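The same chain A turns up in both complexes below, where it pairs with chain B and then with chain C.
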Partner chain A sequence: MTTISWITARGLFGRRRFLLLFPLPMLLVLLAAMSRAAGVDPGQWGSPIIYGLGLGVVLPVIALIVGTAVLGSEIDDGTLVHVLTKPLPRWQIVLPKLGVATLVTALTAAIPLYVAGVLANSIRFGLGLAAATAVGALVYSALFLALSLVTRRPVLLGLVYVLIWEGLLGNVVSGTTVLSIQHYVMTVADTIAPTTLLEGRVSLPVAIVMSGVFTIGFTVLAIDRLRSFSVAGETS
Partner chain B sequence: MTTLDAQPAARPTGVIHDIGYQRYSGPRLGRRHIVGALFLHGLRAAFGLGRTAKAKIFPWLVVGVVGVVAVVLTAVRAQTGEVVLRYAEFPEVLTILIIFFCAIVAPELASRDLHSGVMPLYFARPLHRADYALARLASLVCATFLLLAGPITVMFVGAAFTVGEVGLVWDEFGSYLGALAYVVVHAVVFGAVALLISSLIRRRAIAAGAIVGAFMLTTPVVVVLTLMPNATANQLAGLASPVSLVSGLGDWVFESTGEAGIGGYGPLYAIVAVALVTGCVLLLLARYRKVASK
Partner chain C sequence: MTNVDLDGVSRWYGNVVAVNDVSMSLGTGVTGLLGPNGAGKTTVLHMMAGFLAPSRGTVTLGGEPTWRNPAVYRRLGLVTEREAVYDFLSAYEFVLASARLHGLAQPEAAAQRAIDLVELADAQDRRVGTYSKGMRQRARVAAALVHDPEVLLLDEPFNGMDPRQRMHMMELLHSLGGAGRTILFSSHILEEVEQVSGTVQVIVSGRLAASGDFRTIRRLMTNRPHVFAVQSSDDRRLAVELMGQPSVNGVDIDRDGLTVRAGDYGSFTRALPKIALASGIRVRRLLPSDESLESVFSYLVEA
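Moving on to the complex of A and B:
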């Protein structure tokens, strides 16, 4: 299992593409620091930066890039065959990859959100945001990892989920929030550090249970899909 | 015919066999026709026409959503007579869908050719490098224009039969034409930015993510700048993002309601928009001057 984690981590960090991940968190910290320095009321800038940019864009987009890359890039260049031909149970391939994806996403997204939270309110709020981000990283990674096995176009489908389901519908049709990871993250952060900046729109038990269901469900789906994975190429 | 077990010395060397293919003696079309064919092919590929069903899913998903919105708006207007959304507001409300459409189509047009390394095959024809880039850009802009112009036309036709009087229909027609011009602005700005990004990235999936990221990440910058305690910064905030740049420009030219809060900087928005498109096109041409096979 450590070998798989090691290969995955090297595959992520060894590419120039990984540099794409750094502008997002830096922008978040920069904007928060700028607003703070200009003396704007945190009640005004907290919501668009922490909620709109941090939890709405930075976390899902990083999770999308990382989560689809840990398995997707190996599927794309065909090296997954080498891993699949080893006498390993499939869960020993999926779980390390999920772990690496979660860890990388959580680190890249939680640190800037912690900084922004501290600048906006208090250390407690920052820690709450960081913890909630880590939970969100796990759920998002499980979802996008499974997507990269279910479809050949995981990034586009992931964008549909993030942009249309969470971005458009989540704000218009209130019922869709029950299936929206973004709102679980907000609820968890709001529970750990209650502030006026964030408002969880789903109840805490729903957030916890649905996060668990998402994570376990999509991980099991990924393991199952990898069990009957077909390497044949196709044109689209 | 020689057979495999014949002596090598007995085999004739360097002969081109006439195996009976049809010769072509008709007119040979030049560069202009190649560009035209490339543009048409790009436009068809944008909507997945002539491709597998899988390639049609995402573009037609967006077309479907935009179409449903237009039909609902038309129906509401026909039933209640209330104008929920004016023509010019239509592209602004559906900005996310336009971005998403560009993120689907632009990598399909640019990254796909780069990824499969077929650029030398294109340039082996009497096709200039700039021709390729501009034909692709034209396809993307045209596809985005059609995505929005179709539904707006539906809304206009619905409204024309609802209002009843000829004079009112002319008013509607005026604002319909204005909205079409606004749609062109949207298509050109978004298309130029999206195609430039996807021409730099070989993998389609990553290019799609990068396009969405580029548009979505600049929006919070605008929000922060509008919160700054400085009126000039607030009015210039829209320049930071292509989305608010276009809506600021639209506010100045097409609506003049002042809702985008750009103050007297309308001409500056226009200049920046032109500069952005020009810059993107120049960079795109520079990119395709360099790009080789892999």
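Moving on to the complex of A and C:
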């Protein structure tokens, strides 16, 4: 573990914001377990809970909380200067932070989605969901980490992307799915474990290529923005 | 020896000019960056530290530009004014992390040396979040010094320190400057600058108002009368003799002696012994009373 990853992880788990990560995954598992226990047909509850709540809310919101925190909270409280005054190429700062954000998001979102997938269908479906969630965690984290460097309101902008672009437009205007991480995740999950519960609306090549473009593009953007990171004087 | 050079540097934010055509060269020793609040000190410091691009001009450290050049941090240490520290780490962990990020060969030894240097060893294992303001400041100084930088920039370093800590920090800066480091610290408190450094860069309204030893700067201000406190064996007679001198603008007399306002520093200091000798008056005390940094500074700000 690099020193940057260590500081990032300590910072992430040392702040109360971290507690925000748990209610949504717990709700997801609880709803899936209750539906299963009540003997409701998975065709009835699988899609709204896994797609509507799991991939539509739990994954992107956790990625938003974590992705904007790994760099954004250090920008907000000024501690980032301690890392920036080191002779490190800026990619050596961005990549470990992206790694921590991806890992934490993937673990927090993939485990409940795996459980929900198993309860709704099969272990294979659960594993497919978990793997697709890990891919989604990487792409979302790259996006939200870059947002924390390009805007002072990364959480607001991230919510606009998740709720308006993916949540609203993604279901109304079919063309927007090409720029929707949620739909890449669905396609990957549907490819690994095809079911009637999830249906990918973009092709697998598009999902793979666009995931790569999002991840690399936003990571390169973050590295470049960090190179030109300015600190405004408080008394100047 | 590593110089920090600013050449024709300006920085503006929209229509607001924060720093206007500043050129300066900082060599070894301690230099005070002095100016009233809002003069542009922090902007200058941030440009030197590579945290702000100059809108015009160049800022270099040892000949290399500081903007978008992380390699300069091998030779540069920075202590910002904002007292942000990782509250969840102990001071030792914090300084050790800095040593590791610098890629030092023996990070543990370097961290311990830096902590000892700022006298924080007793509290080094406590979380920084539990520290007083002065202790946090010392932890940040230790982190900035851990790689033994050739250049150290400090923005208002004495903020929040008690008198003893302040004295210790002043001694530390003195010794680092004496050891051939280039130290620049900003302050709006004149006594601090006067005690730590004779060399100042004075910034007023974004412009470099004066640069160099503040006593020399004062002497070069020929349009300001120089004020001297004089005590002699016969103050009243000396006052009469002095008023006959073209270099003397005025003399006040009171119980403590004479206050002489001289228009020309050199002519007055040459004339006084001659007058005293010719009149048989013994001069007991001659003190320039407005060579303090405070008077230099107030003259510059008023100018």
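Please note the rule applied: the second predicted complex is superposed on the first by the 231 of 236 C-alpha atoms of A that agree within 3 Å, B and C clash if a C-alpha of one lies under 4 Å from a C-alpha of the other, contacts with A are read in each partner's own complex, and residues count from 1 in each chain.
In this text, a residue touches a chain if its C-beta (ideal position, glycine included) is under 8 Å from a C-beta of that chain, and two chains touch if they have at least 3 such contacts.
All values derive from a computational prediction rather than experimental measurement.
Superposition of the two structures on chain A shows chain C fitting alongside chain B with no clash.
Once chain A of one complex is fitted onto chain A of the other, the partner contacts of A:V40 are limited to chain B, with no touch recorded for chain C. With chain A as the corner point and C-alpha centres for all three chains, the angle toward chain B and chain C works out to 80 degrees, nearest 10.
Once the two complexes are overlaid on the shared chain, A:V150 sits clear of chain B and of chain C alike. Contacts of A:L204 after superposition on the shared chain: neither chain B nor chain C is touched.
By the touch criterion stated above, A:R90 is placed in contact with chain C alone, chain B being left untouched. Touch criterion met: A:I65 reaches chain B, while chain C stays clear of it.
Of the two partner chains, chain B is the only one that A:G167 touches; chain C does not reach it. Residue contacts after overlaying the shared chain place A:R227 against chain C, while chain B stays out of touching range. Figure legend note: chain B and chain C, brought together by superposition on chain A, show a least Cα distance of 7 Å.
In the superposition on chain A, chain A positions 235-236 are in contact with chain B in one complex as well as with chain C in the other.
The touching residues of chain C, counted against chain A in their complex, run 18, 37-38, 40-43, 45-46, 49, 51-53, 68, 70-74, 76-78, 80-82, 84-89, 94, 97-98, 100-103, 143-144, 156. Chain contact summary for the complex, chain A toward chain C: residues 3-4, 6-7, 10-11, 14, 77-79, 81-90, 227-236.
Of all residues in chain A, those touching chain B in their complex are 17, 20, 23-24, 27, 31, 34-35, 38-40, 44-45, 48-49, 52-53, 57, 61, 64-65, 68, 72, 76, 152-156, 159-160, 163-164, 167-168, 235-236.
Per the touch definition, chain B reaches chain A in the complex via residues 51-52, 54-55, 58, 61, 65, 96-97, 99-100, 103-104, 203, 205-206, 208-210, 212-213, 216-217, 219-221, 223-224, 227-229.
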